[in-house]
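What follows is a pair of complexes built around chain A, which joins chain B in one and chain C in the other.
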Partner chain A sequence: MIMRRALIAFLGTALLASAAAGAPKQKTSPAPVPPPYAGHYQPQGIDEIGIWREDDERERALANSSQVIRDEALNGYVRSVLCKTVGEDRCSSVRIYILRVPLFNASMSPNGTMRVFSGLLLRTTSEAELAAVLGHEFGHFEQRHTLAQFKAARKGTDLLSWAAVFTAMAGTNQAYRNFDNLQISVYGGLMRFGRDQELEADLLGLGYLNGSELRPQAASRVWRNLILEVEASAAARGLKKPKFDNVSFFASHPPEGERADYLYDLAAPDSEGRDEGADRHAEVLKPWIAQFLNDQIALNDFGASEFLINRLGERGWTADLWRARGDLFRGRGHPRDHMNAADFYGKAVSLDPTLADAFRGLGLSLIKTGRVSEGKIALQAYLRLSPNAPDASMVNLTLSSIGGR
Partner chain B sequence: MKAVKRTIAIGMLGLALTASIALAQERTATKQGFELPANSGKTILLFRPKISVGEQSTGGMFEPNADWTDSARKHIEASLIERQSTLGNKVVLAAEAYGEQARLVEEHIILFGAVASAVVNYQFFVGNRLPTKKRDNKAGVFDWSLGDGVRNLPGADSADYGLFIYNKDAYGSTGRKLLQVFAALGPGLGVQSGEHLGYAGLVDLKTGDLVWLNADAAMGGDVREADGAQKRVRQLLEEFPGSVSNSAERK
Partner chain C sequence: MIKSVLRIAALCIAASAVIASGGVSANDYREMGKSFEIADSRMFVTPPRDWNQLSIKPGKFAETWTLDGEHLNDVTFFGGVEPGKPLVRELSKKHEPLPKFSEATLLIEVPELLQLTYQAYKKISEFKVTTVNPGNFLGREGVHFSYEYLDYDNLPRKGEARASIVDNRLYMITFDAPRLHYFERTLSDFRALADATTLR
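Coming up: the complex of A and B.
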């Protein structure tokens, strides 16, 4: 009996301790510009030094990864956007690695390694939008969030281990119920702790933007654009419209709708007229759009890809965009898609009569829609433009199967 | 009801135990027909070992310790060189590579890790053999390869074999040990304290074939100390082909 009472008291204190883990961060409008940088930070204490050393090993491997895009111009551009946002002194503690991953993400690890996914570059429409995400990631680094998350997780799992032993010792149904509640409370607390860190990084990121020369209202648009993309993706699959305003138990980030709202409110009021650098952004990314779109199309997410291509088209349709849109439709491959694809490829080759891939797609989709002789001419143009193409022999086979080359 | 919940609790605490049980069947394999006679004058290229040392928290999380990792790396590399005489062949540390070559090395270290864990899961654990590895009377055959791309690795032209080493040590923290004692004395639950995983593999640098692999989830020897690291290296290279004297010592 004494034991059971002691156990309940123990679990009670444990609950209180875990509830206190995540103190909510304050939103003050506009988000304040962060204080001057304290200088090159070095890890302190056994945990942080250990985490940094592990991270150094990971970075060593990352630096030699074949996923990294090493183009100097692109890397220089992303670095310049980060430096513009967080300032030269902060920026010098970061190494940036651009990874060829077609997803909307970037991350920053404890020792100052920043990973930027190519999918993020494809989705941001201006320097300021890219800066909003990079500033957010830098906020995680400056606040040493990984270390805090590590300590919180250790505390939580330590507690649960002891609780499991004591629960098994008590062996009553009440003790097991208490243990179940404790588990939910600890795991829920850890997830909320993570969301609070995201909120804090959002606020810091916007603070950097407010203090920079870029237009901070772009931060809100990043999330509104993401919402539109997710909706387009769901609509193409015939799925229910996702909810962007509720927090689920295991959510790692605050909901997108909420982020778009508070980021808009926290922008400095006199900053509306600032430059976003949309033209500079488009200029630097121009040589990359074709490759990034190919990677995106390979994700087999028709709605999202179509949404992204159309948004890029708002700045003016290029041959690359028409070709990508043709690939998207031909890849889905319904008979009706081949009609559309042939149309898109046709526009691509009229804009750029040297675009070999567009001729290839044009030929293949024309043949599929029954316009064989026109298709033959297009495929012949493909082989003429790209005689050493890896699929040249296969295209020749197609040509001979439809009667002559 | 209570029994069910008790099982769940045991399952939670016992998770760490399963890793070592899975490995209990076999630990070492050599490719059929492969022989490396002692003192045959072959050169073995040692790639930068992956070493990570830390503590295991009460709840079982890995807490990396930079100081221990550094001394373990120093001690392990030193005892590898020192043991050259008993390995019967020349072991040279691979030089630091740059640019395209460094990428190639990194790719192969990761590839070796993937192949080695496939061997542990699907070869050493006999009941788990893949159909493609049983077909055509291959049931007892050790046939794994990294592909002949290993020929392009820097230093491969002047060496015969490549040696890859992986080590992860998590020493039980005071909290973990206390939990272990309490769990055993009170409800009688088994909690594992500490995790000592290591594997070493030898690859033919002409064909890419994995000719020898040793993997163990319960290694002995405290790698934070010079003596312990020597014991660890001895265990890692147990039954190493061409060894002058096979050490049978355990723990």
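Coming up: the complex of A and C.
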């Protein structure tokens, strides 16, 4: 009996403890500018020293990865945006690695390694939008969130291990039911803890932006655009319209809709007129757009790719954008797509008559829509522009099979 | 919860016992000189040396053979992919669809189809088609091409393939191996196997 009472008391305390771990952080509006940087931080205690050592190992592997884009200008640009956002002193503790991964993401690990995915660069349309994400990630680093998450997870799982022992000792149905409830409570608390960390990083990120020269309202637009992209992706796949205001039990981040709203509120109201650096951003990314779009199209997410191309087109349609749109439609390959693809490739080659790949796409699309002689001319132009193309002999075969070179 | 975990553990032990006793189909031996049908299709092959056929079946139309395991040398046959179908099985038709072969797909576009399938299926970006040349496959006009890519396990791999479109169906054989050592070592075996593949 004493054992059972002790068990119930123990479980009760555990529930309270796990609930406390998930206490929500306060959102103050606008987000305050963070205090001066405390200086270069070194890990404290065995947990943190261990985490940093593991992270150093991961960074060594990362530095040698073929996925890393090492272009000096692009790396210099991303670093300059981070430094503009968080300040030179904070910025000097970060190593940035741009990875060729076509997804919307960036991350920062405990030892100061920042990973920026190429998909993020494709999706942001200004320095301020990029700064919003980089500032958020830096916020995780400055608050040492990985360590806190590690400790919370250890505490929670330790608790569950002991509870499992006591439950087995008690052996009653009630004890098993209590254990089930405790498990749900601990895991729910841990996920909520993670969401609160995201909120805290958002708050800090906006604080940096408020203190910078960039327009902080851009942060909200990053999430609004992501919502539109996810909706476009779902619509093209015939899926149900996703919900952006529900928090699911296992969600690691706050819902996108809520985030877009509170990020807007956190922006300093007197900063509306600031520059976003959209032109500078577009200029630096110009040589990369074609490759980043190719990687995006390869995800085979028609709706999202079409949405991204159209959004980039709002700044003015370039030959690369039309070519990418042509590839997207030709790749999907519905009979109606070939007509559209031919149209898009046609626009690409009229803007840039030296774009060999666009001529290739144009030729193939025209052949498929029955305009064989026009297609032949386009393929001949492709061979003229790119005589050593890897598929030159195959193009010649295609030309001969449709009647003449 | 603990009870249910124990139940699952018991089931796992029972399942592994069934597998160990040979109750579930496993890999198969493909002996030199005998004729084998590929993926219930019109494609047949008489291997010039011994191979292993793996029980993993990447898709309805596909079959994988290997010498040392699929990570070291992977030969995949595609036996007549129908128009409107992907090359390999989609993980999720709705959420992760793959590019489809279609009646309009030209022979010159087959390398692109394979590239986009690899990129979408393996979630990789770095993929380069290095050569595309006309060549015979299954005794018909076809395309021979080669490619290299950084695989999902961060290992650079090289590949070579031959394809042909017969009666609106795509027949193809691909060979993938790590760029270091294994590709060159098995390339001649793959080519001999591709030469020995016929259509009935």
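One rule holds in what follows: the second predicted complex is superposed on the first by the 405 of 405 C-alpha atoms of A that agree within 3 Å, B and C clash if a C-alpha of one lies under 4 Å from a C-alpha of the other, contacts with A are read in each partner's own complex, and residues count from 1 in each chain.
By our rule, a residue touches a chain if its C-beta (ideal position, glycine included) is under 8 Å from a C-beta of that chain, and two chains touch if they have at least 3 such contacts.
A quick note: this is a predicted structure, and the numbers were derived from the prediction, not measured.
Superposition of the two structures on chain A leads chain B and chain C into a clash. Contact with chain C, but none with chain B, is seen for A:Leu239 once the two complexes are overlaid on the shared chain. In the superposed model, A:Ser65 makes contact with both chain B and chain C.
When the shared chain is aligned, chain C comes close enough to touch A:Val101, but chain B does not. By the touch criterion stated above, A:Ala168 is placed in contact with chain B and with chain C alike. Contacts of A:Leu397 after superposition on the shared chain: chain C is touched, whereas chain B is not.
When the two complexes are overlaid on their common chain A, residue A:Ala298 makes contact with chain C while staying clear of chain B.
By the document's definition of touching, both partners, chain B and chain C, reach A:Tyr176.
Of the two partner chains placed around the shared chain by superposition, chain B is the only one that A:Gly50 touches, whereas chain C remains out of contact. When both complexes are overlaid on chain A, the residue A:Thr157 reaches chain B alone and has no touch with chain C. The contact surfaces that chain B and chain C form on chain A in the two complexes overlap at residues 65-66, 164, 167-168, 176, 179.
Of all the residues in chain A, the ones that touch chain C in their complex are 65-67, 100-102, 118, 164, 167-168, 176, 179-180, 183, 237-239, 295, 297-300, 331-333, 335, 338, 364, 367-368, 390-391, 393-395, 397-398. Remark: chain A residues 46-47, 49-54, 57, 61, 63-66, 150, 153-154, 156-162, 164-169, 171, 173, 176, 179 touch chain B in the complex.
Of all residues in chain B, only 1-2, 5-6, 9-10, 12-13, 50, 52, 54, 57-61, 63-67, 69-70, 102-103, 105-107, 109-110, 175, 179, 182-183, 186-187, 189, 191 touch chain A in the complex they form.
The residues of chain C lying in touch with chain A in their complex are 1-3, 94-100, 102, 104-109, 111-112, 115-116, 119-120, 123, 125-127, 129-134, 143, 145, 150, 154, 156.
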